[in-house]
Every structure is written in structure tokens, then in C-alpha cells.
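Shared chain: chain A. Partners: chain B in the first complex, chain C in the second.
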Partner chain A sequence: MLKLAVIPGGICGGCDVALASLGEKLAEILKYYEIVYWPIAVDKKLSNLMNMNHIDVLIYMGAITTEEDAKLAKELSAKARVRVALGTCSVYGGIPGLNALYKPADIIKTISLLVDTKLESSALGLPQPVQHMAYTDVVEPEVLAPGCPPTDKVLDQLTEILLNYAKSGKLEARTMLLGDSESLCNNCPRNPKTTKIAMPGIKRLYEVKLDSNKCFLEQGVLCMGPATRAICTHPCIKFNYPCIGCGGPVEWGSDSGLSMISTLASVLLVDDEKKLLEPGLARELNKIRDVLGTFYKYTLRKSKAYALKNKAGGEG
Partner chain B sequence: MADFNVVASLDPLTLVEGIARIVVVTSGNEVRALYQIMEFRGYEKLAIGRHVEDMPRLMSTICGVCSWSHQLASGKAVDAIFGRELTTRAKLTRNLVNYIQVLDSHLLHISFIGLPDLALWGEAERDIIKLMSKNPEVVSAALKTRSLLKQLEKKLVGKIQHGPLVVPGGVCKGITREEIVEVEKVLQEINSSIELFYKFFDERLVKSQLFKELLQRDEFTMRGYSMGLVKEGALELYDGALRVVDHKGRTVNEAGNPVTYADVIGEAMASWNYGMLPYYKPAGLKLFSEESTIFVGPLARLNVAEKVPGEKAGEEYKRLVEVAGGKPMSNVVLYHWARLVETLHCIEMINEIIRNPALFEGDVTTLAGESRSRGVGIVEAPRGILVHDYTVNSDFTVTKARVITPTTINNTAINTSLSKVSMQLAKEIKSAGKPSAETVTMLESIVRAYDPCNSCATHCMKIGERRIVTSFRIVVINEKGDVLWQG
Partner chain C sequence: MCHCGVNIAGTVDVKKVVEEVKKLPDVVYAADYVYLCSQPGQELIINAVKEHKLDGVVVAACTPSLHYETFAKAVEKAGLNRYVYEMVSIREFDSWVHADRALATEKAIKIIATAVAKLRGDKPYERARLDVIRKALVVGGGIAGITAALSLAKMGIPVILVEKYATIGGKMAMLHETFPTLDCAQCILTPLMAEVARHPLVKIYTLAEVDSVEGHVGKFKVKIKIRPRGVRVEDCRLCGFCERVCPISVSSEFDRGLSKRKAIYIPFAQAVPSAYVVDFEHCNRCGLCVKVCPTKAVNLEEKERVIEEEVGAIIVATGYELYPLEKIPEYSYGPENDVIDSLQFERILSVQGPTRGEVKRPSDGKPVKRVVFIQCVGSRDVNHLPYCSKICCMYTAKHALLFLENVPDGEAYVFYIDVRAAGKGFEEFVKRAQEHGAVYIKGRVSRIYKDKLTGDVVVEGFDLLENREIVIRADLAVLAPGIVSALDKRLAEMLKVPVDQFMFAAEIHPKLRPVEVASAGIFIAGCVQGPKDIPDSIAQASAAAAKAAELLIQGYVEKEPIVAEVDRDKCNGCRACVTVCPYGAIEIVEGKARVNEIVCEGCGACTATCPVGAIQLRNYREEQALEMVRAVMRVR
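Presenting the complex of A and B:
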């Protein structure tokens, strides 16, 4: 039996639920693997895991938010032969990663302004927070399994990788980003590939009644589909909500925000050549008041925007 | 408050969502058992600068268990900012999802935490695995129900968590009659599982000597303020007035305007707890005292409501109140029963909604309304009152966000409840160096009765040693933090 450990970092519980809902696939995995640690599912102590010489597969869920998270992630991953980053928080920092540019003290300060009373104690302490990171900032995992939560497609691929590894002792590649290597837009039920998208302008979500058949971009609504990896079967779009990019960029190392901005440059106001003059375009783009939250909702920590801002000393 | 020394910690507390521990501390001559939440996330900070219409989906990721509740409370705050009144269809759709959320979460607690906790009282391991060996029929019904509910969520809203639903002034998609046919089938199956839970709960627990004993024990009493939503006096989970009832059953506050929540709920931030410590503001902060403690969730909701809609739920509610010896009910063991009453209520309400033709007709979104700079949304999440409060600037980006979750509110109540066990605990640690098995069981049961979800309570902060284990661990440490004994 191979040893499988599931380690939670800063989580909401969604990835746990997704993994636990694998059902028969999980049963198949358990024919080859013994779960040596998975807090919500099995009663195994972390101290036992720390004493083990090696772990075959380690799955890390959630983000790194404390010194302990980082230490544990590094120490345990060093013993693991295959490391899996599960979920968008683990791979890209996720939504909590929108805090990546803030120091923990700034976050605590913002919160302390909301409360009525403060109580101090020097004796009873709490663990030390760190600036928000993805698991991939402290370890270089072999398997990257994005999604918020990870989709059936990603979990199917992960299951196959784990079963193949159990049988052959090998992985197909050094770094594997799960999902399909194309943008979500390519197979969108609303946008056959033959269609040329023309975006009439930019509308915020509160300004429109969403058409349930037409491409969101053609309605003027930002949809991250063109810049997002195909990790799902379009559940949001089918439910009449634009893609918000939980799958991350199309390829590992690329930047979803920059890809989306470049898409916008080629589709925005294309049918109206006159408006293409710079002032018209700028006016439309200026409607996006929250650039980071629009283009990097799930991936700010791994973005070029983060690299630049952090270098400049972070955002106030 | 005076500083304190750490005597012992039960670390970490398992079978609650998220990371927390019980710590025993001394402060002069006082001894207290504290419930300490140790996580840190900062959603109030990351919300700033965001387009407000993006908030419902962003904030739904506070919790993977009650993701829909966060989305709905957030959505109500956003509706208020845009001054939009929902169409009947949109309101029914949101209500439907809310009932499914509460039902799902309650069944999760009942099967994985509540029933094992009570049915295996006195045993070292009180979890679903142990229950499986003794009562496989109950456990398999629990697992099946859970997978059915997940199917239901996937059918109705595309994803089981963090999915698309709320847009300002409505929902992004209406439900069709074809989709409901499947829902009805699933509901029938869920119904039979609940009957099985009920029978088990009634025969094995309600009629047991243990249950009678627990109802008499002072450690399990909570005589604080019950808080919940009511609509025309009846139990309401999505849209009602915020009512507060004191330990004598008197209504001390009732407000239809959600913005006034801040007059009722005060919040203290303690350097030793990453969860806030809310209190009943008009009473002033009296930490660990029932005189300023608010509690929320199923038991509090049934205390503030005068009736429970739904035939079966209504009858069961009356039976509960009778066994409890009248209202307000003040024993936290009754949370489990109240949760079962609410599952019946949810099923009956779901059945009512899916038979309402208005669910399938008309617009799902409205754009009309006069916008304003602040919006507050309050819903009853499975664990109680959930508040989302946003302020925006003229381009509708968020400048301030505040979220108060039910587990945060109950954080104070849990601490108040635990303080009743402190003396006993201190005595045992002094004489035997560790708490007795009976005291540990009691501590765990008190915490579990409230069904805390610490991922939620720490939406604002998330720090924590990732040392969760599924068995309950006790660590006794001295004031320097040296480990003296481990169980």
C-alpha cells in the first residue's frame, strides 16, 4: 500500500467536501493507497506523519496563512514523492489571496476598527500570521489541480494520475496542470468557435438583465472564459452567470489578467471603428473600477500585478 | 479583563468545522475554560475596493459548508444598496436555495455529530465510524441523504458550493418545471431518511434516562438572549424582523430594518481569540455572563418564534416545547431536537415552494430602484443569524465591509456555557492532573450542541496550527506553555 496524506492549510472546507464526494473513485484509490493523514476523514495523528520517513502522495488544500502552515507544508512535502496542490487557493492563492498585498497587521487593523471593544491578554497567545501565499509559493508540486472547488473533470484526471502512479511508480510529466489545455471559451455552449466576438462596450453586472443564450462579452458583460483554463463543463455559464476565472490561467505560468486584457483589446468596440479612437476605448475600460478583483479574483498572488506591486512595497 | 495563566488546553477540539481548542485559564482566584478560535482570514479587508455586485460570490467562499447562506446574506445587502425589490419568482428561488442549505447543513450535523455525540455517550469515540458499527441503518441513511442533497444542489444551482445564483435585484436564472420533477423524486427519498432519524432520536434518545438527566443539568443551561428572525411571529429563515427574547421570554427587541442590528449586537475583539466575542449591546459587555450573552441557531429561533410553519414541523415543535417544560427553552441539548424540527420545516417549505406556480413564471431580475451607499443583509444561516453589511462609494465599489456570522455570535455563548464547567475542571486538574472522562465528554457536548463552524467565525481571521485530529485530545500545560501531560 502506498501512503497518501491530505494536508489542509487555510481552507473553507470546500475542497474537503469535493474530495470526500468522490465516492466510488475514492474507493478505487483506496485499493492502492492507505490514508495516513486526512483530518476530516480519518483518525490519524500528525505526530505519526511527522515520524514517517516518506509519504508517497501528499495532497495540499488551501492557502498558506501562518508560519506554521508554511513550515508544515515544507517539511511534509520534502518527504513526499508526489505533491498535489488541490484547489485554487493551493495553486494560485484563491479569493483569500486578494489579501496577498496586505501585511497581516493591516488586516487586523481594518477589522479592529469595526468592533466596539478590545480585550488584551499577554499570557494567552495565538499563532503568527504571514502574508498570504499559495502552496505553490513554498513548494513546487508535480500536480496542480485547480478549481473552486476542484471540478469533476479535474478530480477524474487526478484519480487517473494516482492510479497510474500506484501501478507504474511513474508520472507522465514533471509538472502537470489538470483540466484541458485550452480556454473555457473554446467549447463554450454560447460561443461556437466560428463566431467572431464583438463587445459593444462594458457593462457592470448590476446594469444588465443577463440574456441566457448570448455570449456574455457580446452583452458587454466581462466573462473570464477567454483567459481561463478549461477545467469544467461550464456550470456557471450554463446557469447564466459569466465565468469569474476560478480555474486560473490557460497555461501554468501565464497571467489570466493580462490574457483577458489582451482579449478585451481585440473584441471591445470592434464593430464601431470610430469609437476605437483612444478616448472612447479608455472611457469603456474606465468602467472597470476594480481591476485586481475583476481580472485576478482567484490568481492575484501568482500574477504579474502582484510581482510588480509587491516589489514596489505593497499596496496600502 | 485581568490577564490569565494557562492551566490546561483541550487541543484541538474536533468534530466542529474549522480549528479551535478549549483552554483552561486562571485569572487570580478565577478559573475559566475558554473556547479559543485560532484561525485568521481577513474577508473584511479583501472586500475593500471590490465591485459590490461581485460580493455575493466572493463572500460565499468564507465557508464551504454554508456557502449559499453567505451568498444570500451578501445578496440582500447588495439589493439594499441598489434599492431593488425582488420579483416573486426571484424571492422564491432564493428561499428555495436557503431551505436546501439549512436542510443540508442540519442533516450533516445530525448524522455526523449530533447523533453520535448523544447515542454513544460515555464511550471514548463518539463519531460516525463508531455509530456505523452499532447502528448501520442510521449511518447509511445519513450518507445516502447527503449524496441526494448534493445531487439536488447540483441540479438546481449548477455547483454544490460557491456557485452562481445571486445578482443585484434577483437571481441569474429561474428554475424550470422540468428541473423540479427530479427534485420531487429526490425529496421523497430524503423524507424517508428523516423519518428514520426521527424514530431513532425519539426512541433511543428522547425516551432515554440520559436525556432526562442532561435536561436537568445546570452546565447545559443557557439563560442568555435568544435572537432570530420572525415573520408575523412565525419562524422565518430568509426575510423577517430581528427579534430578541430574554431568558424570561419577554421580547426586548424587534426591528424590521436590518440596519439596526448594530444597536443590538456589540462586538468585542480579544487578543486571545481570532473569533470576535459579540454581546447584547443594550446590556453592556459582561463577558462570560448570561446577562449579556446572545445565542442564535435552531434553539434560539424556536425561542423567538411563536409558531413553526408546516404541519409536521408545527406538531413536533409543540411536543419539543412540552418536553422542555415551556419557553424559552434554555438547555443546549435541545439544540439537537430543534435542529430536527427545522429539517421537517425545511422539507415542508421546499414542498410548498416547488408547488407554487410563481416559481416558474415572470422575471428573475429587476433593475429598478434607487441606490444608496449602505446595505445590510440578514438571513438565518443553518447556525443562526448571519449579517453582511457593506458601504460603497459613488462607483459602487466597497469601502467598508462587516460580517457577523452565527458561530461568531455563539462564540460568546459557548464561552459562557464552558465557564459553568470551569470550577469542576480546575478541581480535577489540581487533584488528578487531568480532567475526568465525564468532564471532557460534557465539554465536548456543550460545544457540539451549538454546532460551531469555525471557518465561518474566522472569516475575518485565519491563523492556526494544522493539527486537527479526529479524536479528542487533551493537553495540560503550565503557564510557561510546558507540556505536563497529554491524553
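Presenting the complex of A and C:
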């Protein structure tokens, strides 16, 4: 039996549920693997895990938000033969990654203003917060399984990898980014046309009655689909809700927010550019509320925007 | 590496650069020469390639716009593909702009290092050679279109001339006399019309419009929609019987509504083609004309047809229209109010016009003694057209002069903002009008209305120079409306003619390439490019014909192979590239982008817009750019 450990970092629980919902496939996996740690599923002690010499497969879920997370991630990963980053937080920093622009102390201060409880970490014995990171900022995992939560498509691919590894003891490639190597537009269910695409302006969802058969961008609604990896089967888009980019960029290492911004610049009000000129276009672009939260909702921690900010040493 | 005499070597330590460049990865040979562009300099490159079996060359010298081709030829002579050669400027970008020798030397090394880094990713490509169909299409049969067509035909190139109306001639045919020489417009235009119609290499389609355009430079497939004329041109003898019996009477376009014509008519006596035409919109199919026609030329059953032509080049000469005066209600435009536009006044002056050249009021036929001319109607007005329409100052001076000559006891007033009379003989011409008694008033007109009691046209304005309001009671007011492009959006899109915000065609370079547009094989002439007078239109049409002939007479075009390529595995079919491509070179085929290599000009707009990095420019790939950046960072 191979040893499988599932380590939660700063998580919301969605990845736990997604993994548990594997159901029968989980049973199949358990023919080859013994779960040596997974707090919500099995009653195993962390101290035992820490004492183990090696772990075969380690699945890390969530972002790294505390010193404890960071320590566990580093020490346990060193013992693991195959490291899996499960969920967008683990791969790209996810929504907690949006905190990366702020100092931990400032975040605690802000929270203190909102809630009554004294958040004196040491007094309460709470772990010390660290600058929020993705798991991939600490180690270089062999398998990257993005999704918020990880989709069936991604989990099926992960199951396959785990079973193959159990049987052959080998991985197909050194770094595997799960999902399909294309963006969501490729199989978009919204009857894409073949003529040019023009965005009539920037509209928020409440301002427009969405046609469920027409490209979101052509209706003025920002959709991250063009720059987002196809890790899903368009559930949001089919539900008449634009993609918000939880799958991350199409290729590991690229920057989906930046790609989307340059694409947007190309298609926004393309027929009226000469009439609006730069001030008119700028006015339209200013309608985008929360630029980082729109283009980098899930990937800020791994983005060039963050790298630049970090280099400049600036704050918020 | 070139010294360029002391141009480079004076500021850059050439020997040191060569030593450092030799240390760069993959560099097997580096040398310098005093004038690399000279014959021995080129031999140096050729010998080095052969001797060291080089598979790539970097030349660091002046600017590629000066000597790229020189060294490309040398590289080809040495047996290498020209696309595995890079030229970088260490003169304009380095020695000429820096003074510090050490820093300039370091910069030269860095510049060369980037070129070496880029070269590593360069692949050899072959230029495609395309045959060019030796035939041209001219869209628009005004003076510009006629000039271009005739010029091409005289060079032996077959021409298709497409005109929207029933006759060629355009706006110039409506004019009475032309400034500043007062040549009779008809007398100088109609011989040209006849000549172009007679020329065996020119095929004229009137009542015709371009319906669709496919293909690319050298081979455009054009569909032309031809509306029925209802009269067989070759059988019509202009006897006019049909016109006499026709019971339908409508206002004449040629006289701009100042006279009536029948539903079967000839636009004007010297129309080309010289034949009557049926106005099917107003014709009631009574058949009287069919009965009286002695040659059985009339056919009311004629149907619209679409013909196809293949041409190698297209000249767009769609001309202008006057700014719609309904948009300026405060001037009460309308012949019934005796407020007319400049072309209507041309018709009134014309001996062939509705009044046989007598200046009479359109409303009641009363002889006109006092006229007010208003310049810049719509032009130079932020609420209408911000630009200057260029020709109005001159034709208004002409109108004033002709009126005063025609009516010696008449009075002519001209409201102007500025008189722009820049042109040969123009200033003198305006002076002449003023000496003849035309009164020039600097200021805007705020309101024009018809006094119903007296029948006067009342013009209220402001005299800036005397700083007072001014009211003139006149017999006639003549407006000089701004010029707007007659190019419609659909045609511009079909022909891929880039336009500005006023639908004027945008030339590639306003100074150096005034008759070419960004789409290869398309040329522009006349007012489609911007307001201009007859001499300018003719000059530009001749230039467009010459440029088209360059292409057509050569017989082929060579296509740079540095175009965009799509990785169809990565492409998601999002269409952003289709949107940004200024040449219309990208289409979506089976859900993915495809680049037409012939149409693509390699600008790279698509590569910047692609959200997944699926579209890349050959030899300018993203990896190459990153390698170049890394190279700069590495060299110290």
C-alpha cells in the first residue's frame, strides 16, 4: 500500500468536498493507497505523519496563510515522492492570494476593526499569519490540479494519474497541469460567430439582460473565458454567468489577467475608437470596478502584477 | 561590424566590441571593417559565411532602412537565406546619440547580443511570388475616376470603371465654370468623358455598384451589381420621343431639384453613355415610351444583373457629397425659401441649367439683385464638421464674381470666417471678386429666414470687424456646405480601406505615400481622401494610376514571408485577432483562426492581442523576444 496524505492549508473546504465526492473512484484509489492523513476524512494524528520517513503522494489543498501552513508544506513535501497542488488556492494562491498585496499585520488590523474579538495571536495561541502564498511558491509540485473547486474533469485526470502511479511507479511528465491545454472559448456553447468580435462597452451584470446564446464580451460583460484554461465543461457559462477565471492561465507560467487585459484592449468599442479617442476609451475602462479582483481574482499571487508590486516593495 | 568611418568607430571601441562579441554563445566569427557596405566589406561577409560555414549573420552598422537590403543581398550571395540575417543599428541608436566611449561600447555589445539571441530562433523562409492580373478597377466615375482610368488605359492596362449614377462625370459635370481660370467645366470635362468612353481598354459600367470583393493584391474577385437602365445604349438615338410622351414628372437630380425631368430622361446633354435611362423608382410602366421609340431601344422588363470581374488593383475615387443642410435648421435651407446650396447656384449660373443661366429666384422666378453667400456652412464648426472643406472660399469668390458679371447692377455679400486662398492664382482671384464689388463680411451668420410678407431672404449675422450685428435683406442666400465623404461603410469594409472618423480614406503616409492605403493593391484618388479641388483631384488620380501601374506592369508581387502563424492546437477561436487585424487577413475556419499569408503584412497586432499566445509572428516569436531581453540582462 502506498501512503497518501491530504494536507489542508488555508482552505474553505470546497476542495475537501470535491475530493470526497470522488465516491467510487476514491474507493478504487484506496485499493492502492492508505490515507495516512486527511483531517476531515480519517482519524490520523499529525504527529504520526511528521514521524513518517516518507509519503508516496501528498495532496496539498488551500493557500499558505500561516507559519504553521508554511512549515507543514515544506517539511512534509520534502518527504513526499509525488506532490499534488489541489485547487486554485494551492496552485495560484486563489482568492486568499488577493491578500498578498498587504502585510499580514495590516490584515489583522483591518479584521480587528470589523469584529469584536481580540486577535492577539500569541495570547490565544493562534498561529502567526504570513504573507499569503500559493503552495507552488514553497515547492514545485509534480501535479497541478486547478479549479475552485477542482472540477470533475480535473479530478478524473488526477485519479488516473494516481492509479497509474500506483501501478507503474512513474509519472508521465515532470510537471503536469491538469485540464485541457486550450482556453474556454474553444468549445464555448454560445454559438460563437466567425466574424470579428466587438465589445459594445463595459457593463455590469445588473445592467444588461443577457442573451444566453451570445458571447458575453459582445454583450459588454467581462468574461475571462478567452484567457482561462479549459478545466471545466463551461458550467458557469451555461448558467448564463461569465467565466471569472478560476481555472487560471492556459499554460503554466503565463499570466491570464495580463492576456485578458490586452485582449480587452483590442476588442473594446473597436468600432468607435476613432470617435471616442483615448479619453473616451479611458472613461469606459474606468467602469471596471476592482481591476485586480476582476482580472486576477484567482491568480494574483502568481501574476506579473504581483511580481512587479513585490519588487517595488509597495503596499496595497 | 562596421566602423562607418568615424561615425561609429569615433564613439564606439570597435575592437573591444568584436572581442566581446566573440565570447557570446554560438558566435564563431566576428570581424570589423571600416565601410562594410562597400564592395570589399560585402565580400568580407560572403567569404566569412563560406569559410566558416556560418548558418546565421548579424550585421551591426547603420540603420536597416539604409542598408538592410545591401547586406541581405550579400548574405544571399553567400548562399544563406536572408531571414537568418539580422541587422542592428549601432550608429543611430548608439554612436550618434552618445558621447561616453565606454558606455557606448557597452551598449553596442548589448545591442549585438540581442541580435545574436534573436538570430538563434530565426528560421529561413522563402518569399512567395504572386501573379498579378493586369487589369484595374476604378470605383467612381467623377473627374478623379475618369482621369485614373484614362491614364491606366493609355499605359495599356484594361480598366473597369464603375459609376453609381446613369452617367459618368460626377460633381464636376454640374459646375458652371471653374476657379481660378473660369474655364467652362463642361467644356473641359466632356471631351475627357468621351475619350474614356471611346477608349477600347476601358469598360464603363454605369448604374453600377461594387457588390462584393474577395481576394487580395494582384487578384481581386469583384462582383458588380448593375441596375437596369431600361434603354439599350447602342440603339438609343437621343431623339427624345420617349421623354415627350412620358406622363411622370419628378425633380431632376442633376439640377439638384431646381427643375423637373421625366421618368425616362437623360441626365444632361453630354452624358456618357449617351443614352436615355428609365427611372424605375418613379416609372408607372405605362409603356408609352416603348411604343414611340423608333429603334425599339426601350425595355421596361430589364432586370438587375451581377457581373464578375477579376482585377489586380483597385482605385477608389468615390468623391464627395455636400453636408446635409437639414442638420442646420437655423439656415432654413430649401429652394422654396430661396436658400440654396452652392451646387444649386452652379446650376442656376449654367446656361444649360434650369434658368438658362439667368439668375432668378427658385421660389418665384424674380430676377436676383442681391445675394448673400455664406461660407463654412457646417465646416470648421465643432457641432458639425471640425475640418476645413478647402474649396468653399474659392468657389464662393467665383460665385460672387460670376454673379456680378451676370448681373452688373447686383450686390454680392460674402460672410466668411477666414478666406483661405492658398494656391496658384487663388489670392488674386479673390481680390478680383472683391474689386468687382463683392462685399466680404467677417463673421458668422446666426439665422436665415424667408420674410413671408416681402418675399425677402433675411440674413442675420455678426460683423466681427465692425463689431455689430448685421441684417441683410436679400433675394437669394447661397450656402457653401462642408464636404463629406461619399464612401460608405460597407464599401470601405469590403475594400478594406481604412477610414478616419469622417469616412475619408486614410492613406499609408500623408506625405510619402498619399495615394496608397494599408491594404496592398488598393489606391485612392480625389475627395475620398479628403476635400480637394479639381487640380488636386486630377494630380492625385494620376498618381494613383501610376502607383497601380507600377504593380500591374511589373506583373507580379513578392510577398514578405514574415507573417503571423497560428498554432491551431492552442487557438481558442475567440476572434480577438480577427478584430484587431487591420488588413482583414485573419478568418475563423472550423472554429480556429487562419492567417491569409498573402494578405498579412506582419504587423504583429494579433500576437499582442491573443489571450493564449497561439498566434505568433515568424522570426519575432515571443520566445525570441524573451531571449533578447535575457541577453541584454546577461551582458555586463
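Note that in this section the second predicted complex is superposed on the first by the 289 of 316 C-alpha atoms of A that agree within 3 Å, B and C clash if a C-alpha of one lies under 4 Å from a C-alpha of the other, contacts with A are read in each partner's own complex, and residues count from 1 in each chain.
Heads up, the rule we're going with is that a contact is a pair of C-beta atoms (placed from the backbone, for glycine too) under 8 Å apart; a residue touches a chain by one contact, two chains touch by 3 or more.
Owing to the predicted nature of the structure, the values given are computational and were not obtained by experimental measurement.
**Student:** Tell me which partner A:P189 touches in the superposition: chain B (first), chain C (second), both or neither.
**Tutor:** A:P189 sits against neither chain B nor chain C.
**Student:** Determine, under the contact definition given at the top, whether A:V267 touches first (chain B), second (chain C), both, or neither.
**Tutor:** second
**Student:** Can you tell me whether chain B or chain C touches more residues on chain A?
**Tutor:** More residues of chain A are touched by B.
**Student:** Could you tell me if A:G169 is touching chain B, chain C, both of them or neither one (first, second, both, neither)?
**Tutor:** A:G169 sits against neither chain B nor chain C.
**Student:** Classify the contacts of A:D106 with the two partner chains as first (chain B alone), second (chain C alone), both, or neither.
**Tutor:** Once the two structures are laid over each other on A, A:D106 reaches chain B alone.
**Student:** In the superposed arrangement, does A:A227 touch chain B (first), chain C (second), both or neither?
**Tutor:** After superposition on chain A, A:A227 lies in contact with chain C alone.
**Student:** Looking at chain A, which of its residues have contacts with both chain B and chain C?
**Tutor:** Residues common to the chain A contacts of chain C and of chain B do not exist here, since the sets are disjoint.
**Student:** Can you tell me which positions in chain B touch chain A when the two form their complex?
**Tutor:** 1, 3-6, 14, 17-18, 23, 25, 34, 36, 38-46, 48-54, 57-58, 61-65, 67, 78, 82, 125, 127, 129, 147, 150, 157-165, 167-169, 172-173, 266-274, 276-277, 281, 285, 287, 363, 365, 367, 395-397, 400, 402, 455, 460-471, 479
**Student:** Can you name the residues of chain A that touch chain B in the complex?
**Tutor:** 7-18, 21, 23, 39-46, 65-66, 68-69, 72, 94-96, 98-99, 102, 104, 106-108, 110-112, 114-129, 148-149, 204-210, 212, 235-236, 238-241, 244, 246, 289-290, 292-294, 297
**Student:** For chain A, which residues are in contact with chain C within the complex?
**Tutor:** 181-186, 192-198, 225-227, 250-251, 254, 256, 259-260, 262-263, 265-267, 270, 274-275
**Student:** If we count contacts the way the header does, which residues on chain C are in touch with chain A in the complex?
**Tutor:** On the chain C side, the touching residues are 500-501, 569-576, 578-580, 587-589, 591, 605, 608-613.
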